[in-house]
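Structures are listed in the sections that come next.
In the two complexes that follow, chain A is the common piece, with chain B as its partner first and chain C second.
Coming up: the complex of A and B.
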């Protein structure tokens, strides 16, 4: 049994967390994972700290960056027309998560805090080099999402830290591709995100469905030296991504099949992203 | 457009399903699951559970024996294992408490000590290689069938081509939306049960036999059923609730969680199928069919599935030279149970894949090859039964036109597959109907509730409507328990409209005959509803029904008529059967399906692009119901084809007892679906109707598998056709 608390300011929430005994208080965002854990007895908190009353349910554009409050349901991002056109890869990652009901609860903040290796959101946030605004006992700070993730249910966030918002810098051509046995209400066997950042020009590739967590594959990125890689270069990068990832066999796919999928989907994601790179001036130009 | 009378109350939540049943003083039950798939109960201490707050009763094997009037019947399975546990999660005890939470907490408090025994989790552990001769009796074989007709060895010896293949199919669950649930009450010497069952009368006789309760002291009332698909036939959870109710002297409700539903449900289990076909001069001259079927914890002699499957493995093809052999393999899983068209989709997946591949080897277009070889009306089956009116060739002819259409401009990496099969309406023992014609309308009394397909709530009234002429709005169905309602075998075997419908038809005609005699008319009258009054029309005369009724009939019950339909015995000359039992089929119906798929040649992912189903329905008594069954059967079959698979671990534990990793088709998996109804091949049902509950699921996996082979040139020999399995077949990893 647990009690439910609704702090009304971030400071109050952080304060309550800072004073809580380890394992006693759990943070409740959308609850799509936490409530399953409570139901199954995996966690037995005595207090749930709901973030519902915090003013973090927003989406706004700051200069070129998209800023998403950490308790905004994914569904709100999904139906936002500007998200869809400006960050198509982010939209692709969101639109097929679970079901509409689940997306009406699930949040970006929860995805980061839970750090599931099979999250569909983490690869695209990594590929877009998203920054995370954190509020904690020592005030506010902003760190790259990459610096937070460790492994399933483990992050570098302190026990009294809360994710306040996620900042997705500069609209960039990007893609997210997944494979599942079924398109809805299923867990991705692997997910692949690619993004092209024009300034400075750089390709980013991130993969989910691998262990111990979703991660950037900088070795594969390094093989994409031009703004418009050829099919051959894309294939090489995909092979490198498959080689550098750590796969496991579980009930959803075998290690060898996941490797196969990454080698195919990385190439396709690069090609799809390329098709989204505007060919005109202002967009990336071909390198010599 | 006429709507089903149950649609609005169901949509509004006004219908009470069994998990929501309540009774004054009701207790909640929880089960204590076995932690192992095979073991011996060494110690069971219920006292810690009884000491929990709110607990009223806790029962195990010993309590069950003392509380049941007849103890545990001879040869029947005991309620709780004593001492041998046969499958993981098997209930070893049960508790009843004031709340569900208290019951679950008490179930966890039960102290159970189990000595684990070696687990047989699958067929391969019993037969690592294909058995040639199995010495019987064999400790892991609970059923054996062998039969042979014609000179099989001669046919194979003289063949210029032998096509041999092995197929594998997994366990699949019915996944009715509503899990099993019931409410039991024992008062005086009457045992009363409300249960979500497809077969109230079958459940009563099942319980009477296994628990030793005299059938006349056991009353079963069927509730609305939230989906059955074969999973809600005989007793499953009812014995636990009855024993608890007897111990607690209060009503007890037991509703399974969905994880329990997966772990305890009786359903289709895995198989290995081997098929050999001898061909000479382009003609099939002999066949061998061999089946290893996981039978779970089925008791010896209780397996029906091996013998029943043999007909589907031989298929709707002219065959007089064949050998069939099958073994029911005992493993540590719940016993095998029926799942919409028991084992036919699996048999047909193997057979139709095999036939498809054989046609391609022979250079014959696969659909054309089927048309040359399937039964026509004058043919006889492999078991030498007359086929009779059978529209499979007409279905194939219609499919051929669609196939030609689809072939035009077929994109690369797409393929089209055909699958076909037969079904035989299982009339069961029979059924009875009581009709009461009242001044304001007709009431049909039945002992079973609607299970979802519409055959009770709409199919039966449609039969009465057609005979009597009364509008549907003047006809309703009323339900009773087994003490009051007319007998019926239950909703299974695609029999409801085809068999019970005949009882309603006969009762309706009896009503008209009575009215004709009261009118002194030589011919049957018809009925109509005028200003809310049932009016009898005879020879141009219109008489209000009320004027033809006796005072008693006017006051209570109306004019009563009963109709009975008991299936005629079907004898089969079984001199060709050397061991076990094969089953006669009757009243054949055929169906042919087409699937177009797109295969991702790099990942093995399969998408069904469009689908067409052609069915010989005899006569469509109600077109909307038939179409509903075909659409539902196809969608359910797509799950069998592409994603559904129960995955048992070597410990015997079910690894995916949830709807995340047991994957049902979702709306986005459903392709555009064309349904074509073929009439003119009359069946035994009313106006020539044939049962259509099960046939539509049968050819689906086969059609999809054959489409994949058409697209890729590669055959996948195991269901379901998941992306990874297809990728392996394509040698991508």
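Coming up: the complex of A and C.
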């Protein structure tokens, strides 16, 4: 069994991680994923380093961005009225994670650190081009989320790096759509996120529920050249998205079903995001 | 092992627990140290909601929460929830609508629903309340009676 460590400053936390032997210490955010792995013996740390005492439980609206402290429970984002209107796709992804009681513990930082291929949050963070503020032995730095994700439970973060905050645009028309066997309390077979930016290239598309990690669909994005693609252009991008992705068959869905789902969900997500773009491009969205 | 005693404000009363292992789940502290057996262990993997308690007023899964992670926090179980007006109204609505069969999931539903209703005036819509209960599983009732009970509880507290 493990013991808990409660560093009271980020520097103390990083220092403790830097001195730990490989695999000895695991970082504890909300614990909703890590504790399952610990209970089942998939991972056997002797120490969990809790982030509870660090001052990272915040949500801050800045002029251009929303900064989310890495230990803020998802529930706080869910009940924030501005998140729902300014970043509708982020809100959709959050409320699709587990249940309210799970979301009162689960965190954005944990989703990034654990890098689960079935995370409902990673596709929308990729589509929003989220920047991750990291604190490590060499100080602080900011890295795009795309550069951090590797595969299940593996990231490019160093063993003494901690996710301090996640930065997303303060407002963006965006959408998250998924397909599941059961609508709630289930893992998505695939999840698709799209986000629109007023300046070219306007569109970012990402897919999750695939191996080894959620990823951007740059080939499909490349087919969306205009700010307001037609239904036909959206369909072509959706087909490209399905063609360029690699899917697996597992107990949740077959390879061919996932491919079909991606083409349908990408088209719908583009259309829904388009409906959320304000008539005069460039302004923040307050539509559906 | 953390030597400090674990402190919780459990159902409104400050409590101190000695020699709590770091790996102990809040669920086990509640059931075995505090002896409050209303909180149920269902799946122990965060899927069923039977272990739901309120932590500082928010519904939380006590099976996926280390007790030490809520040190100093207010933890309210079904025993505490049903002492309050809202919790009593929820229990009455469940009883009157036949929303209880084997009863194992019921404390989780009562806590989660009370947490969604408490201090909210006007109460959330019935649809929003049902969405809020999506993490609570019931294998007996088929949910129809629970849906009626949720609507009735909402009417009772508005």
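The definition used in the following text is that the second predicted complex is superposed on the first by the 277 of 288 C-alpha atoms of A that agree within 3 Å, B and C clash if a C-alpha of one lies under 4 Å from a C-alpha of the other, contacts with A are read in each partner's own complex, and residues count from 1 in each chain.
Following the convention adopted for this analysis, a contact is a pair of C-beta atoms (placed from the backbone, for glycine too) under 8 Å apart; a residue touches a chain by one contact, two chains touch by 3 or more.
Note that the structure is a prediction, hence the values are computed from the model and not measured.
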| item | value |
| --- | --- |
| Which of chain B and chain C A:185 touches, first, second, both or neither | both |
| Residue contacts with chain A in the superposition, chain B compared against chain C | C |
| Partner chain(s) touched by A:102 [first = chain B, second = chain C, both, neither] | second |
| Partner chain in contact with A:2 - chain B first, chain C second, else both or neither | second |
| Touched partner set for A:87, first chain B, second chain C, both or neither | neither |
| Partner chain(s) touched by A:35 [first = chain B, second = chain C, both, neither] | second |
| Partner chain(s) touched by A:75 [first = chain B, second = chain C, both, neither] | second |
| Contacts of A:264 with chain B and chain C, given as first, second, both or neither | first |
| Partner chain(s) touched by A:195 [first = chain B, second = chain C, both, neither] | neither |
| Common ground on chain A, meaning residues reached by chain C in one complex and by chain B in the other | 184-185 |
| Residue ranges of chain C touching chain A (in the complex, touch as defined) | 1-2, 21-23, 44-47, 49, 52, 55, 58-61, 64-66, 68-69, 112, 116, 131-132, 134-137 |
| Chain A-touching residues of chain B, taken from the complex the two chains share | 602-603, 605, 642-643, 647, 655-656, 659-661, 663, 665-669, 722-724, 727, 732-733 |
| Chain A residues within the chain B interface of the complex | 179, 181-187, 189, 251-254, 256-257, 259-261, 264-265 |
| Residue ranges of chain A in contact with chain C within the complex | 1-4, 6, 28, 31-32, 35-36, 38-39, 48, 50, 52, 73, 75, 95, 98-102, 104-105, 184-185 |
